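Input: structures, listed below.
Same chain, two partners: chain A is paired with chain B first, then with chain C.
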Partner chain A sequence: MSSADAILPANTAWLLLALFSVLWIALGVYWGRRNKSFEDHALAGRNIGLALGTATAAATWITSNTTMLAPQFALQLGIWGMIAYSTASFGLLLFAPMANRIRALMPKGYTSGDFFRLRYGKLAWAIFLVFTLFYSLTWLVSMAMAGGIVLNALSGIPYVWGMSVILAVCVIYTMRGGLAAVIGTDFIQSLIIIVGIVVVGFAVLSHVSVEEIHANLAAERPALLDVLFPAAIMAIFNNLLFGLGEVFHNNVWWSRAFAFREGVAGKAFALGGLVWLPIPIAAGFIALASGALNVPVPAPDMVGPLVIADVLGMAGAVAIFVIVFCSLASSIDSLLAATSDLVTEDIYRRMINPAAPQQNLKKIAQYVTVALGVFTWAVCLPRIGSLATVLFFAGPLVGAMIWPIVTGLYWRSATSVGAVGGMLLGAGVGLVCYFAIGWYVATLIATAVSMIWVLGCALIAKPRFDWAKLKETA
Partner chain B sequence: MLIATRSDFSDARTVYRGSAAGYFLSGLANGEYYFRLEGKSGAVSAPVRLEVMHQSLQRAIWLSAIGMLVTLAIVLTILRGARDE
Partner chain C sequence: MTFSSGFLNLIIYGALIWCAVSALGLAGCLLRDAARGDVW
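After this line comes the complex of A and B, so read on.
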């Protein structure tokens, strides 16, 4: 996009980018001073309280997708699309009781990989690592790429510069400050995003009433109000299960369960889910107002910024720029931290150097963070737009892991054969359906197939798992 | 930009008035639609025909039923918790 089409002058955008970059890096360095061991770096000393815990759960889940894709969902799939997107909050709400259980079963755990290794053995662990690294790296790449594209669309800042600055800033403060910096910055970022979305929502309502929006939709886009809109109905449970799979398996969420103070995890995830729930609805509502406001939308993924800039002018352009930057940073930092911990704990410590001291592990985690940043940057550099769609392949993979995780946490009868078969069969059938039928069934079918296999294996299993095996001390 | 359901544009109405070079339209019901652009001077573009056909509602309901079943089973398993400790 040329700078002439941008809604924010490039000079203002660079100034905002510089101000926030300095702020995040300074906070990261400050919060990182107290980290001595790998446990401090990766899990913030296992001492995160309720306010920070709630904010980090909500902020990490508010990605650039929430502020950009939720309006697109509303514009394409209507009211159901908005609701379908908001069902991703179920992931956090249902993870709340699971996080309490994880904390109780694995008081010394570090990663979700630890759970697979100790609960199901090495084969299931290896499959889990392949699935989760594919998901985490594609999510990381798609976020960094989205960062460059969105900043370019909003302000005309060249793609490579926008992508590089966002990525570099996140790598620096995550590497220096570890999870403490990620959670601290998440707190500030979540406040900025929530205040920004609320202000924008009220600004839109002051320009056009709900009745006008409804009348416009009923006349010009009736399917968006239709209760029986087929594509939208199909999206609901597929999206919901994708969200459950993402939260249940990924180390982004497990590392938080381990890092929260005792008794905090359940409440923090439940409150985080409730805080997150209205964000995509508010963002989607903004998109539905585009017709009544007579804002022309050339491509659905730009509907949010265009409506906001139309309603609020320069102030709106600044607001959306800051909201998008905060949404991107709060997700990229969490992914960098959680993935580097996973690589350090599950690959370096458990496979390569089991005798590594805590101090060395912290250094390794920092090197891995930088390496992940460089890898992501190199993949994003050519701006292959279709790469971002690779993330959708991850739907069947994460859906197939739901049942092995849930039954593994609660049932002694859940078996390794069940977990391995559930993951492979579910993901395999799900991927076939992805290509044969469409994306809107892939996660759903993968989860259903995995469920049947896992439940069948648990039903006929004789051995009972000893929960004490999960209480590994080093 | 005008939209109509009849090819002679006898039931035409304005969808957008302005100078944008692109326009994303969604949420149309099943059926045939015709579009054309009209300039300020009265110049009219050639019409474009569009057919909208939504996906099968029956398939959507079946898939939703499976999704609801799987989701309910997950919720119940988590809320029921560990029983055989």
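After this line comes the complex of A and C, so read on.
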């Protein structure tokens, strides 16, 4: 997009980008001074309190998708679309009791990979690593790519520059400050995002009433008000399962469960889910106002910024730029930190150099963060537009891991055969359905097949797992 | 069957007020943690 089409002048956008970049890097360097060991760097000393814990759970789940795609969901799927998007919060709410159990069973754990290795053995661990690294890298690349595309669309900043700057800033402060920097900045970012959404929402409502929005929809696009909108109701199941699979397996969330102070993890995830729950509606309804406000929408994925800029002018454009920038940073930094910890702990420490001292592991984690940043940057450079398709492709892999994790945490009868078969069969059948039927059923079928296999194996299994095996000390 | 104007009012204003309360709650919670020395 050229600068002439953008809603924010490029000079103003560069100034905002520079201000926030300096702020995040300075905070990352400042908070990073506390980190002496890998445990400090990867898990912030395992002492995160309730306020920071709640904010980081919510902020990490608020991606650029939440702030940009929620309005698009509302525009295309109506009221159900906004509600469907909100169901992604169930992942955080249901992970709350699991986080307490993870903290209790694995007081010295580092990653979700540690759980698979200790609970199910090396084969299940290897499959898990392949699945989760594929998913995490795809998510990371899609976020960085979205950063370049969205900053370009909002301000005309060239794609490569926008993508490079946001990625570089996140790499620098995550590398220097580790999880403490990620969680600390998440708190500030979550407040900026939530306050921004509230201010923008009420400002839009001061220009058009809900009654006017409803009357316009009833006259022009009644399907968006339909209580029985089939496509929207299907989106609920897809979003719900994708959200559950993502939160249950990914080290982004497990590392936080390990990092929160004892007794805090469950409350922080539950409150984080409640904080996140209304955001897709608060951010999404703005799209429904486009008709009543007579705002032309040439591209559905830009409906939110277009309405806000039309109604609120320059102030609105600045607000949406800052909200999107904070949403991107809060997700990219978490993915960088969690994936770097996974590579350092599960691949370097457990496979290559088991005797590595804590100080060296911290350095390795920092190098891995930089390497991940360079890899992501190189993949993003050509601006592949179809990456969202790859993320949907990962849906069956994510869905197939739900049951091995849930049963492995709660049932002594859950077995390695169940976990390995559940992941392979679920992902395999899910991927076949992805190509044969469509993306919208792939995650659902993968989860169902995996569930049947895992539960069947657990029912006929004789051995009972000893939970003490999860309390690894080093 | 369609969603009513009243329902749309409820979820939009409800979501915005919920977000505002969440932001205040987070800020208050941080102040409480800071007063106890429990931030991290």
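Note that in this section the second predicted complex is superposed on the first by the 473 of 474 C-alpha atoms of A that agree within 3 Å, B and C clash if a C-alpha of one lies under 4 Å from a C-alpha of the other, contacts with A are read in each partner's own complex, and residues count from 1 in each chain.
Rule of thumb we're sticking to: a contact is a pair of C-beta atoms (placed from the backbone, for glycine too) under 8 Å apart; a residue touches a chain by one contact, two chains touch by 3 or more.
Note that this is a predicted model, so its numbers are computed, not measured.
Using the contact criterion defined above for the overlaid structures, shared-chain residue A:Asn238 touches chain B, although it does not reach chain C.
By the touch criterion stated above, A:Ile364 is placed in contact with neither chain B nor chain C. Residue contacts after overlaying the shared chain place A:Leu228 against chain B and chain C alike.
Touch criterion not met for A:Cys380: it reaches neither chain B nor chain C. Once the two complexes are laid over each other on the shared chain, residue contacts for A:Val441 go to chain B alone; chain C is not touched.
Once the two complexes are overlaid on the shared chain, A:Cys433 sits clear of chain B and of chain C alike.
Applying the stated touch rule to the two superposed structures, the overlap between the chain B and chain C interfaces on chain A comprises residues 222, 225-226, 228. Within the complex formed with chain B, the residues of chain A that make contact are 75-76, 78, 90, 94, 97-98, 101, 217, 219-226, 228-231, 233-234, 236-238, 240-241, 244, 294, 296-300, 303, 402-403, 406-407, 409-413, 440-441, 444, 447-448, 451, 464, 467. If you check the complex, the residues on chain A that touch chain C are 44-45, 47-52, 54-55, 58, 79, 82-83, 180, 183, 187, 190-191, 194-195, 197-198, 201-202, 205, 210-211, 213-215, 218, 222, 225-228, 261, 274-275, 277-279, 281-282, 285. Residues of chain C touching chain A in their complex: 1-5, 7-9, 11-16, 18-20, 22-23, 25-27, 29-30, 32-33, 38-40. Interface residues of chain B, counted against chain A in their complex, comprise 3, 13, 15-18, 20-29, 54-57, 59-61, 63-64, 66-68, 70-71, 73-75, 77-82, 84-85.
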